[in-house]
Amino acid sequence: MIRRALLALLGAAMIFQLIGQQAEADEKFIIVQSTTSTQNSGLFDYLLPRFQDRTGIQVRVVAVGTGQAIRNAANGDGDVLLVHSKPSEEKFVADGFGVARSDVMYNDFVIVGPASDPAKISGSNNVMEALRKIAEAKTLFASRGDDSGTHKAELRLWKAANIDAGAASGDWYRETGSGMGATLNTGTGMGAYIMTDRATWIAFGNKGDYQIMVEGDPKMFNQYGVVLVNPESHPHVKAKLGQAFVDWLLSNEGQAAIASYKVDGQQLFFPNANDGSG
Amino acid sequence: MRDLAFDTTSAPSSSQLAHQEAPLLEANGLTFSAGKEVLLEGVDLQIGQGTRTLIMGPNGAGKSLLLRLLHGLLKAQQGEVLWKSKPLSTQARRSQAMVFQRPVLLRRSVLANLKFALSVRGLRGGERAGKIDKALASAGLSHLAQRPARLLSGGEQQRLAVVRALACEPALLFLDEPTANLDPASTAAIEDLLVDANARGVTIVLVTHDAGQARRLGENVIFLQDGKVAETGSVEEVLNSPQSEPVRAWRDGRLYLGPNTQILRDHSGRIR
Amino acid sequence: MDSFWSVLGGAFGLVFALDPDLMEIIGLSMRVTLTAVFFACLIGLPLGAAVGAFRFPGRTFLAVVLNALMGLPPVVVGLLVYLMLSATGPLGPLRLLYTPTAMIIAQMVLVTPIVAALTRQLVEDLYREYSEQFASMGVGPLDRLTSLLWDARYSLLTVALAGFGRAVAEVGAVIIVGGNINHVTRVMTTTIALETSKGNLQLALALGVILLLIAFVVNACVMALRASAARAAYA
């Protein structure tokens, strides 16, 4: 009896595997390397079905940290790169891994903190001043610490404020080395201030008593860019399908779709493909 | 099934055959040590074709060890084992079989155990099925063919082990105290199988503790004491008129504690 | 915020209503893990039995290696398999990255040592029982392997369950080689990770409970199989 059961299981397993693999081979799809913050905001769940309805192309998003997304794309493990770190994106193109870089949309970063607000920065729209207050009061600050777009933006702000936050690592400056969601979980758990993009924050389900402390400073502007992976460096890249996706994102239809995505009545991303050069 | 009442000369002897040919199995100067301890020393013996030989002796004498050396499961440090006048090889072992004190059966049905043993010998299909049926019938186990072997009683398991060994048609069958843990009825059944096999020409080499079994089954006896051969001869000679002190002590129910002991006891409290 | 119990109730509601998204995720989890365990057993059972039943130089070392590999960190395995399957890696042309097949491969790497190491121990112990009788009967090496494996079949079921438990619970390997792509490579554990990162802790926990129940059901079925065999007295 057990022999027969095992044989049946073997047959079933092989059949399932073959069916599954075949089904995948038949689909029209591209792989987009993007970031966890974009994924967690829910934008892709909203946007991609629209694209698929329009073109029949399935978009498979691999959401990792910006650094990992860029490295994956450089390896040819993706057809399109969609991240928010303009200098890195431009370098990607300059190194020959990408065809061209275009602006897609922007959102902004905010600093969130506990209702108790130990550094007294609530209601501010001056990020430089807020960071100085945090450093002086030595209140806890949780950083991504993972080389992501958000992390790089955060580091630029500390540098502009002339504060060496890294020196206080392990003290009041806590580097989680994780994605945005994990950092938010960790930060809220220890009562630290956190810099996050607004979209992820609004969609985040574990806010506790946290609120937005600092917003509206132009320095916290967060630009998203899209790059087609260069088929010349990786011949198997689905250049045509990838280009179709890039074109759609930059088109009126795609841009309008981005603008129409709302959570709790708030618009999370602001399309700006046509506001000037890429 | 044979009548349970035996007389001492009931077992047929085929000793005439033995004298006409070279011995089937021979050991010369076998010595075996484990580390510093010498367990067998200078053992010489001859087993004739078609004979029934009993290896006897007290615990620790080296009987089981000797059996394993003769079967090729262990290798002696000194001396040699000859099968049909040639050194023992794995080929030779195919003509032998062994039954252990506790039956070693696979965790499957009675039938499957027999199937396994025969398929190891390369038998398949109808020929194999025929031999299986005969083996089951001779052991009286036909009605238990589908039963998991491990569920059988001790006696039934050992009967299975014996017919499994015999189904492979060995020239020589070794048995290491096969009925030590069995009741008289099971013991009688096993002994019947052995006598029948021997009548068909299978040579039997059996280790036993049991003097009664020796008298019922035996033809020749090799008596071991402390790793050495104390005495050999026919059953009548060795058991009825032992020449050596160890065997005499054993026959009289005394413990033989070594050649230099002055005081030998028995449990009637008397010192002799 | 909803209480944990109401969220759990909601999650169960999805299960009973056969919510398509949830069913898809559960189905993929089962397909990936069961396939991986199956092939891990196909490799690991004979491998472990061979190390347990045969004597050869380096045997003890191999046994130690197998035992040590039981503790392979899933995330390290994920990384190694990713490097193999990446477009710039040696198996890149197979285009397996970010597919369920990649996840199956990664889980196979994790589970095979467990199956092999535990089988080795079982077979070694069992062989001690049979070694003299097998030598006497002239059982050849292949027969030795197959008969020992078959003899240990009910204990080996437990070994397979151990492998299953390890695979169904891991997230580190499948998330790297699978990419946690919606409708393609998203399984129970990666969904739990995603929901946690989105702060939806109660939903994540509820999904965790469902995963536990599935593992429980699988184990119960196998145990029932064993019990019925025990009643047929596999002594």
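Each chain carries a letter (A, B and C) given by its place in the written order, and its residues are counted from 1.
By our rule, a residue touches a chain if its C-beta (ideal position, glycine included) is under 8 Å from a C-beta of that chain, and two chains touch if they have at least 3 such contacts.
Everything numeric in this text was worked out from a predicted model, so none of it was measured.
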Nearest-to-centre chain - CA centroid comparison: C
Farthest chain relative to subunit C (centres taken as mean CA coordinates): B
Result of counting contacting C-beta pairs for A-C and B-C, higher pair: A-C
Where subunit A and subunit B are represented by their mean Cα positions, the distance between them in whole Å: 80
Length of the line joining the C-alpha centres of subunit B and subunit C, rounded to whole Å: 49
Rounded Å distance between subunit A and subunit C, as computed from the means of their C-alpha atoms: 32
Where subunit B touches two or more other chains, by residue: none
Residue numbers on subunit C that touch subunit A, as the complex places them: 31, 34-35, 38-39, 86-88, 92-93, 95, 97-101, 104, 153, 179-182, 184, 194, 196-201, 203, 225, 229
Residues of subunit C touching subunit B in the complex: 129-130, 132-133, 135-140, 143, 147, 150-151, 232-235
Partner subunit C, residues of subunit A touching it in the complex: 2, 5, 9-10, 13, 16-17, 20-21, 24, 31, 36, 39-40, 44-45, 60-63, 72, 75-77, 179-182, 184-185, 203-207, 234, 236
Subunit C-touching residues of subunit B, taken from the complex the two chains share: 68, 71, 73, 90, 93-94, 96-98, 100, 104, 106-108, 116-117, 119-121, 148, 150-151, 168
